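You will see two complexes here that share chain A, one where it goes with chain B and one where it goes with chain C.
And then the complex of A and B:
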C-alpha cells in the first residue's frame, strides 16, 4: 500500500485535472480551484520541510565549525529574523517590504548581471572555428549581431538588418517550432505515462513499471 | 460562493459535454493515449517495436557517474527551478531514480540541489527508495538532498557556492531552467565538471549546448526515464510519442499544401480551431 496509495492519488488527481480542463461540467463546477488550493497546501507543507532541511544542515555546519560556518549563522539569523518579521508585520509590513526591495532585489539583480559575463565566455567557446558546424554558427551569429548593432547598418546599409531578420525569423523560428512540437508531445506522453501508472518515479523506486 | 460564480460564468458546452475550444485538444490526447496503448500492448506481447535512436546525453550519464566515482567526488543533480506541476520536473524525477541507484551502487556521493520545496520532498523520497532498493540504506544521507531557496538568484548563489566548496565531478541538470541555466552551466564548465544539461525551455537550450558536454534537446528529456530503464514497455511509450509527432507533421504538411493550392481555404483551420 506504500506505493499503491500515492499511485491511486496520482491517477485520481490527474483525472480530475483532465475532467476540469476539457469537460463542461468540470469547468462549471470549477474543480481546478480545489486542485489549485490543494497544490498550495502541499506547497506550504513542503516549504516547511525545506525550512527544516536548511536549518538542520546549517546547524550542523555551525556545530562542527566547518569552513565558512559563520555564513551559516548569517543565513539562519536572516532566515528566522525575516520569518518573525513577516509573521509580525504580514507581507505588507513597511520594514518587511523595505528589506525585500532594498536588500534582496539589488542582490538578485547583481547575480543576474553576471549572466552577461557568463554569456561572453560561453560564446567565445561556442564560436571558436574548430568544425564545419561551428563555422556556420559563427557566420550566422556574426550576421545577427551586425544586424542588431548600429555598426551593421553603417557597413552594409539595410542588408545586415535584412539578413539578421531572415536568420532569426525563418531559420531560427523553424527550428524552434520543431523543438517546441516535440516538447509538447513529450510532455503529454509523460503525463499519460504517469496517469496510466507506467511511470512511477515520482513515488520512489525504479521509476518504471 | 465561488462555485455559484463559476456556474454563472461557464459558457455553453461544445458537443454537449466539452468545454469551449477543447474538443480537438482532447481528441489529440486521446489519440496519443491510443497510440501509446497499442505500442505498450505490442511490447508486452513480445512483438517487435521500432528501435529508439541512441541519445548521447543519456548514454553519458553512467560515464559521468563513473568519472565521479574514480575521482572520489560527488555527482550533483539539479531538477530545474519549477515545481511538480511542470512536466519537465516530472521528467527529471525519472532520471533521479537512475542516478541515485548508480551512485548507491558505486558508493558515490549524490547531491540533489532544489529551488522548489515540492521537488525537494519528492526527490528525497526517490533517493531514499533508490538507496534502499540497492541494499545500501545506511549510505543515504538526507543532508545531501537540499532545499536551497525558492528565490531564483538566491538559489543560483547557493549552487555556485556548493560548486566551489564541494568540487563535484559531474553535474546533471534536467528540468525547467531560466536565466540561471547559463550561470550554473558556465560555473560547472570553469570547474571542469562533466556536464549533462537538458531542458524544454527553448530559450535556454543554446546555453546548455554551448556550456555542457552533452545536451538533451527538448523532448529527449521526456524519453530519459524510458531510455534509461531499457524496458520494452517504456520504449513503446516513446515510440508512440514519435508516431504522434509524425501525425502532427503530416497535418502541418497538409496545411502547407492546402494554403499553397487554395490560399483562401479555411477548411483545416475551421476544423482545428472551431472545436
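And then the complex of A and C:
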C-alpha cells in the first residue's frame, strides 16, 4: 500500500480537479474552491515536512563530520534561531523583520549581482566564430545587446534598435512560441500519464510504465 | 595575438567595476529614444477608467530589485496621478512585499492617499497560482490579513473588491522576474476577461514575455531597465531606470569590445 495509496490519492485528486473544471455540476458546486484550500493546507504541511527533512539531513552531516559539516551547524542555528524568534515576535517583530530585510535581502542582491560578472566573463569566453551558426548567434547577440542600450543608437542611429527589435519581435517570438507550445503539450501528456497512474516517479517508483 | 583569447577574467571584472563606478559619478547623458512598446504600456495604464482599482503585484526579490523597483515606483506614480485605487500584494515572493512597502509608503504620502481607502498592502501570501485562483473567488477570505497583520475585511477598499474579477479590478500590474509571475496571473485571472495585464520584466525574461505581448495577452510591457528609462520619460519623472542607461551602455560596449578581441585572437590562432 506504500505506493498504491499515494497513487490512488493522486488519481482521485486529479479526477476531482477535472470534474470541478470541466463539468457543469463541478462548477456549480464550486468544488475548485475546496480543492484550492486543500492545496494551501497541504502546501503548509509540506513546508513543515521540508523543515524536518532538512534537520535530519544536516544533523547526520554533523554527526558523521562530513566535508563542510560546519556549514550545516550554521544552517541549523539560523533556521531554528529564526524560527524561535518568529514564534516569539510573530512576523511583524522588529528584530525578526530587521534580520530578514537587512541580512537576507542584501545577500540575495549580492548573489544576483555577481551573476553579471560571470555573464561578462562567459560571453567573452564562449562567443567565438567557430561555425556559421555560432557566428550568426554572435552577430544577433551583439545587435540585441547594443540595440537595448543607448550607445547603440549613438553609434548606428536607429538601425541598432531596428535590428534588435526585429530579432526580438520576429525571430525570438517564433522560436519561443514553438518552445512554449512544446512545453504545454508535454505538460499535458505528463499530467495525463500521472492521472492514469502510468507515471510514478513522484511516488518513488521507477518512473514510467 | 593569441593572448587576446586568454585575457584573465579578473581583468574583465576590474574593468567592469571601474566603468560602472565612473559612469555612476560622471554620467554620459546619452539620449534614450522611446519605443512604441513603452508608449503602448503608458497608454494602457493611462486610459483605464477613472477611479479604477488596480492590483499591483511585486513578484520579485532583492536580486531583481535593481531593475524592477524603479519600474514599480514609476507605475505607482502614474496610477496615483490618475487617482486609481491600489491593492498591493503578491504571492510566493515574500521580500517583494517588503521592498514594495518601502516604495509605496512615501509616494502615498506625497499624493495624500489614505490607507485602506485609496490603497492597501495585503503583503505576500503563500500558494502561488492556487492563491491567485482562490483570491479570484474570495479576496478577503484568502488575503485574511494585510501587511501589518490587521484583518483586511475592515478596510473599505477590500469591502469594495470582494473578488479579483473584471467587475471590480480594471488592471493587474505585475513586476515579474520568474515563477510564479505574470504568466500565472494571466492563466488564473486575466485570460478571457476585460482586465488589462501590464507587466514589468527583467531583461532576461523579455524574450519569453514578448510572445504574450504580440498575442495581446499582455496589454503592455516595460522591457528591462531600458524600457523603464523610456517609461520614466513618458510619465515625466526621470529616475533610477534612466540613470542606469549610461552604465548599460558602457558595459555593453565593453563586452562587445572583449568579444571582438577574443575572436581576433581565435582567428589568428586558426590561421
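Please note the rule applied: the second predicted complex is superposed on the first by the 186 of 209 C-alpha atoms of A that agree within 3 Å, B and C clash if a C-alpha of one lies under 4 Å from a C-alpha of the other, contacts with A are read in each partner's own complex, and residues count from 1 in each chain.
Everything that follows uses one rule, which is that contacts are C-beta pairs under 8 Å (C-beta built on N, C-alpha and C of every residue); 3 or more make two chains touch, one makes a residue touch a chain.
Keep in mind that this is a model prediction, so the values were computed, not measured.
Chemist: Mind checking the superposed model to see whether chain B and chain C fit together on chain A or clash?
Modeler: Aligned on chain A, chain B and chain C fit with no clash.
Chemist: One more residue to check, A:202. First (chain B), second (chain C), both or neither?
Modeler: In the superposition, A:202 touches chain B alone.
Chemist: First (chain B), second (chain C), both or neither: which does A:60 touch?
Modeler: First partner only, chain B.
Chemist: Once the structures are superposed on A, label A:173 by its partner contacts, choosing first (chain B), second (chain C), both or neither.
Modeler: The answer is second: A:173 touches chain C but not chain B.
Chemist: Which holds for A:91: it touches chain B only (first), chain C only (second), both, or neither?
Modeler: second
Chemist: So, does A:101 touch the first partner chain B, the second partner chain C, both, or neither?
Modeler: second
Chemist: Examine A:49 and indicate which partner it touches, taking first as chain B and second as chain C; both and neither are also allowed.
Modeler: first
Chemist: Taking the superposition on A as described, I'd like to know which of chain B and chain C A:152 touches: first, second, both or neither.
Modeler: second
Chemist: For A:28, is the partner it touches chain B (first), chain C (second), both, or none of the two (neither)?
Modeler: First partner only.
Chemist: Please state, to the nearest 10 degrees, the angle that the Cα centres of chain B and chain C subtend at the Cα centre of chain A after superposition.
Modeler: 130
Chemist: Minimum CA distance, chain B versus chain C, superposed model, integer angstrom?
Modeler: The answer for the closest chain B-chain C C-alpha pair is 5 Å.
Chemist: Take the contacts of chain A with chain B and those with chain C, and give the residues found in both.
Modeler: 30, 33, 39, 43, 47, 104, 108, 111-112, 121, 123, 125, 176, 180
Chemist: Considering only the defined contacts, which chain C positions touch chain A in the complex?
Modeler: Chain C reaches chain A through residues 7, 9, 12-13, 16, 30-33, 35, 61-66, 94-95, 98-99, 126-127, 130-131, 133-134, 137-138, 148-149, 203, 206-208, 210-211, 214, 224, 226, 245-246, 248-256, 258-259, 262-263, 266-267.
Chemist: In the complex formed with chain C, which residues of chain A make contact?
Modeler: 30, 32-33, 36-37, 39-40, 43-44, 47, 90-92, 97, 100-101, 104-106, 108-109, 111-113, 116-117, 120-121, 123-125, 127-130, 138, 142, 145-146, 148-154, 158, 161, 165, 168-169, 172-173, 176-177, 180
Chemist: Looking at the complex, which residues from chain A come into contact with chain B?
Modeler: These residues of chain A touch chain B: 18, 21-30, 33, 39, 42-43, 46-47, 49-51, 53-54, 56-57, 60, 67-68, 104, 107-108, 111-112, 114-115, 118-119, 121-123, 125-126, 176, 179-183, 185-194, 196, 198-199, 201-209.
Chemist: Flag every residue of chain B that touches chain A in the complex, lowest number first.
Modeler: That would be residues 2-3, 6-7, 10, 13-14, 16-19, 22, 25-26, 28-29, 32-33, 36-37, 40, 83-85, 87-88, 90-91, 93-94, 96-98, 101, 114, 117-118, 120-122, 125-126, 128-130, 133, 142-143, 145-148, 150-154, 156-157, 165, 179, 182-183, 185-187, 189, 200, 202, 205, 207, 209-211, 217-219, 221-223, 225-226, 228-229, 231, 233-234, 237-238, 240-241, 244-245, 248-249 of chain B.
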